[in-house]
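To keep things simple, chains are lettered A, B, C and D as they appear, and every chain counts its residues starting from 1.
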Amino acid sequence: MSSTCGQCLKLSIFGQSHGEAIGVTLDGFPAGMEIDMDRLLAEMARRAPGQSALTTSRKEADAPEFLSGVLGGRTTGQPICIVIRNTNQHSRDYGDGVDLVRPGHADYTGHVRYFGFEDWRGGGSFSGRLTAPIVAAGALCSQWLEAQGVSIACHVQQLGSVRDASFMDADPAADYTYMKKMHLPTLTAGLEKQMEAEAMAAREDGDSIGGMLECMITGLPAGLGAPFFDSMESVVSHLLFSVPAVKGVEFGAGFGFASMRGSQANDPFRMADGKVVTTTNHSGGVNGGITNGMPVIFRCVIRPTPSIGQAQQTVSLKSGENAELAVRGRHDPCILPRAVPVIEAIAAIAVMDLWKERAACLM
Amino acid sequence: MSSTCGQCLKLSIFGQSHGEAIGVTLDGFPAGMEIDMDRLLAEMARRAPGQSALTTSRKEADAPEFLSGVLGGRTTGQPICIVIRNTNQHSRDYGDGVDLVRPGHADYTGHVRYFGFEDWRGGGSFSGRLTAPIVAAGALCSQWLEAQGVSIACHVQQLGSVRDASFMDADPAADYTYMKKMHLPTLTAGLEKQMEAEAMAAREDGDSIGGMLECMITGLPAGLGAPFFDSMESVVSHLLFSVPAVKGVEFGAGFGFASMRGSQANDPFRMADGKVVTTTNHSGGVNGGITNGMPVIFRCVIRPTPSIGQAQQTVSLKSGENAELAVRGRHDPCILPRAVPVIEAIAAIAVMDLWKERAACLM
Amino acid sequence: MSSTCGQCLKLSIFGQSHGEAIGVTLDGFPAGMEIDMDRLLAEMARRAPGQSALTTSRKEADAPEFLSGVLGGRTTGQPICIVIRNTNQHSRDYGDGVDLVRPGHADYTGHVRYFGFEDWRGGGSFSGRLTAPIVAAGALCSQWLEAQGVSIACHVQQLGSVRDASFMDADPAADYTYMKKMHLPTLTAGLEKQMEAEAMAAREDGDSIGGMLECMITGLPAGLGAPFFDSMESVVSHLLFSVPAVKGVEFGAGFGFASMRGSQANDPFRMADGKVVTTTNHSGGVNGGITNGMPVIFRCVIRPTPSIGQAQQTVSLKSGENAELAVRGRHDPCILPRAVPVIEAIAAIAVMDLWKERAACLM
Amino acid sequence: MSSTCGQCLKLSIFGQSHGEAIGVTLDGFPAGMEIDMDRLLAEMARRAPGQSALTTSRKEADAPEFLSGVLGGRTTGQPICIVIRNTNQHSRDYGDGVDLVRPGHADYTGHVRYFGFEDWRGGGSFSGRLTAPIVAAGALCSQWLEAQGVSIACHVQQLGSVRDASFMDADPAADYTYMKKMHLPTLTAGLEKQMEAEAMAAREDGDSIGGMLECMITGLPAGLGAPFFDSMESVVSHLLFSVPAVKGVEFGAGFGFASMRGSQANDPFRMADGKVVTTTNHSGGVNGGITNGMPVIFRCVIRPTPSIGQAQQTVSLKSGENAELAVRGRHDPCILPRAVPVIEAIAAIAVMDLWKERAACLM
């Protein structure tokens, strides 16, 4: 019930952080697409740790293998199974295990949910590592969507106190692929250094720092999404909130709507080159749960990684008493750079699911 | 695919705003509960328009009837079907219909999605009226949950420029049932007048105004929610984003996490009366997608109602040209008061679904 | 979890036999179809009791009303809700209720499942009456499918000791619509009288009699159905076994395969007018869970209605002791004539679900 | 949409016959069970080819590895992922591939469904080999169910012209575990030789032969299964019809009901040792879709394996003309022995899904 999602394009993940391998099955993917492996590997590389001083030194091989669904480099239309083997682990780093529960982590909640039988090593199935197969699946989806004219771009709109501009004010027709080459993709040139500085400062304090990602999807047709219970926002947010660390999602003007008048918030319609468009896009491309053809823009907040070097107060499950915890090991002070491709992957998967659902709307 | 949701407690809505009736089927509801009809009617009354000068003058009967699932006033455990008949409609008010598409509404997107065959009258199945059966279903759920010690409280944390305090700083053990009697429930006494003033000002301008609701769920055990794809946040947000006008959802510190350090964001654990609690609650009661026993706190932004009295720019679907639109009829300048019971209902439905899912976790 | 089914075309039923109304919501139905009400009413009439001396004297109005999804007589593409009001009930006839549990019925199992809180009146939600909305929904589906060239025909292949010929030996291109006008549709002319005689004999004995229906679906394209878990047979049988009284389902040669050699069972391929066909059709039109373009032929056995006039041994739930039961009331000695349109409806619903799923198979 | 099934216990299969590996994820399995690996391996061995002269000489390693969900030999309650590597393949044996489509196989239908891009090697994802992970998953389920007092036994009730006795007439309290040690499990001693003789005769003719399996599940409580759309029969048959070669499913008296009177078919209730039982069990332990506590008995027909040595008529997809096909390679004349553990596994999986669903029925 928890490792599968999707209606028409079903995604099922398996494995855990410190097991032999992790993977994903993508069920319902179109047939005949020649997989661009370079593109897929590039996406996975963006997610992998060890990219810079900012991120974990734990290097993962992250080389995906196809167990099924591909023949001669083309998707067959049959379920695609991608497996990624875990090669670089230091289980010794997680030696405190399940006694002193780490604040912000799922040590305690997993312990309760699984009656004490949970696999606590390295985060088990709660680990951010499970986002690796999601990125692989998403890469296939975004490759297919690009062939339909859909683009997905994601940048770091905020890291600590550093704020970037917003897609809400950017030109949707511009080319944002340059972002895929940036470690901390931003709209405004030169912000990367400030962001890195804040992250480094957090690292030096044995601390971590949060931020916010913003994603824009262009090229979508109007008509995707179904009220009530499978609106564009519902389907996307359902997946986004599955990502460890996402604690908030907003579309278009988002929480900014709270202080707006309707006259400000509404997006007037007008004709432009025979196409119906809106003059503004506060609704983030979605009206009544259905896309209207304007760019879909959403934001998600990424909480600071809970693993920090500083001592923290906690409890000992064994003794039932308060205790102090210092978390050893190799930790990211800021996972935002790694989360960017994950969010893009999620957007691609959600869009393809709704794309297929739309294709099944017959007359 | 769109009118049903839920895994273990399935909810299926039917009907439309200007049809004869609307309703909901609740499948998997526990047997043997003596339905508190006064309580249910009170919840529905909170949602109904015509409560005050703030809301629409369109009065609805909103009297629910049980077509199944109830015998001798008790739930049977079999599917419960609740029907609500529409009694007070003015279809003449919607005479512009599907030619001039109203900004912010689903007129255009529904027209595309349903190939021009959509039922455009009064919003059809996009109408907020479909939240009435949701409130009825939610009332049954919250009644059952209260018997398990769970409380759900929701207040208007922001209306335009007026801001209330937050549940994040409130005493979870306090009694917030007084809020159900307030038209604009707030934590801080006396704010209601300011909020009403802002709403009235919007009304006089032929405009509408947005806001933000905050909800707190206390009494939940730890262990509800399943990573990856059915976390507490995923299940709740999926439903919340189904509500017309919700454009953002955040949990705990929410978007505030973006500027936090991990040392600020983490919630230290400690023992209190033999129970594991957290000293702070930035995570909003959820770690790794699973509840930890602390209050679950979330916020959702409510965009200003799109129907405003002012003239707006739009297009004519018939002529394919730009046009101006003035929306006649009876419109809420602010739906926040009516949205409060809807959000509470959604919280109750989501929690019961996960409660049942948890009950199926065996050893 | 139990009142909803379907993947791309979702069906959700509500209500119960002795409640005010019963109904169905069909979610995902194509837009723009002009509903043939005469056709729908004719289908429902075939199902309704009181057609002949064979069936129950309890007459039902069975007039369906559309609560949503229809505008100007055309489907909108939005969820279609059909409600049927119960008008002719004799609750006194079910006065023994839940004390003496009727053999073959769900009195006992429902009592256990719903912890004694079940609605026992008239069979509650177990009643065959819930097949009425299924027939309505199926009528919409079969009307749409006919426009795509798909035909569904169902006959009584066996009633007691009387056996008809099989569709396996019939001409798939022939017109079988004449069956819809027969009370006991058969391939072989003149069998109806023998069948009625067996049924009347059962009635005179205060007994009931079983039989077997056979259904043929022609005009399907190859490619419908998805291995593993949504094969044509899986989807169809899942729905068929939901019908009260169905206790067996077989496709093509069915249980006859048990004594066959592969050389007998295999269907050789050949070209016919540029189309791939099979020379025989033991597989009933399905290979590897996917349709191959040949007629889909299946059979389902209908157990004799459990309600009989003869005294039967049972237990008293109240006293916990053995007891004797005589079931009063108005009972069908043979429900086969009424089951025919139900099976056809089920076939139509299942096929449309898979048709939509197939439409979402993109390249 | 096709590789996942289940409501409360979700099963997701991945891989293909001639890929590197195949596997399954079991989501929702109880925590804390100490896995009996010998038992699991024994179950898988029953399924593996190369057991006797009857079955394929293609030997598979079939050694399952746990990628997740197990720690210290115990289930964690988190998703269990089992991978089985393919070690013994002869892709040369499938050299005709997708040109001459094999009668009875999914070559043609898969070619249509996947637009010509399907993976045709060795049956791809249609292969019976995918039943290996199902057996592994089912072994975990049956181990857990046995601890709850549930037993599942399956025998070959018919192979060609040889017929065994039926569980309908056997003592449910007897111990049938001896069947697991038989290559062709039967109730009647000595039948195995006759069955083997028929199978060998088919093999010598370059042919194959079909049969029928019968399964009995004892120890179930009353109350499992939910009408309408998740009855015990629906859930079980949905899974059974996913197995390649199953073409018919019946419960209890099954198709025998067609010639019965209600007075013969009904199962009278009586008290036995303070428990409600039925004197006969024509309903196969299920009334109204819900178990009544009596043994659940069902049968499924296994069509003869389509791969036979004899020449067959077919078409060439490349030339669009008729052609003759002789299938080389190693083929089972009779897969019944191998199907027995598959059917038992399916029964276990279906029962656990409904067991969990029942556990979520609260009051």
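Just so it is clear, a contact is a pair of C-beta atoms (placed from the backbone, for glycine too) under 8 Å apart; a residue touches a chain by one contact, two chains touch by 3 or more.
Note that this is a predicted model, so its numbers are computed, not measured.
**Q** To get from chain B to chain D along touching chains, fewest steps?
**A** So the least number of steps between the two chains is 1.
**Q** Tell me which of B-C and C-D has more C-beta pairs in contact.
**A** So, comparing the two chain pairs, more contacts are at C-D.
**Q** I'd like the Å distance between the centres of chain B and chain C, where a centre is the mean of that chain's Cα atoms.
**A** Those two chain centres are 39 Å apart.
**Q** Provide the C-alpha centroid distance between chain A and chain C, rounded to the nearest whole angstrom.
**A** 45
**Q** Approximately how many whole Å separate the CA-defined centres of chain C and chain D?
**A** 26
**Q** Identify all positions of chain A at which a residue touches two or more other chains, and write them in rising order.
**A** 1-4, 7-8, 28, 31-32, 77, 110, 113, 115, 125, 357, 361, 363
**Q** Under the touch definition given earlier, write down the residues of chain B that touch chain D in their complex.
**A** Touching chain D: residues 7-8, 28, 30-33, 77, 355-357, 359-363 of chain B.
**Q** What residues on chain C touch chain B, complex-wise?
**A** Going through chain C, the ones touching chain B are 1-4, 7-8, 10, 12, 14-16, 19-23, 25, 27-28, 31-32, 65-71, 74-79, 81, 83, 110, 113-119, 121, 124-125.
**Q** Applying the document's contact rule, which stretches of chain D touch chain C when the two form their complex?
**A** Going by the criterion above, the answer is residues 1-5, 7, 13, 101, 103-106, 108-110, 112-113, 115, 125-126, 130, 158-161, 202, 205, 207-212, 221-223, 226-231, 233-235, 237-239, 241-242, 244, 246-271, 274, 276, 278-279, 282-284, 286-292, 299, 301-308, 310, 312-315, 320-322, 357-358, 361, 363.
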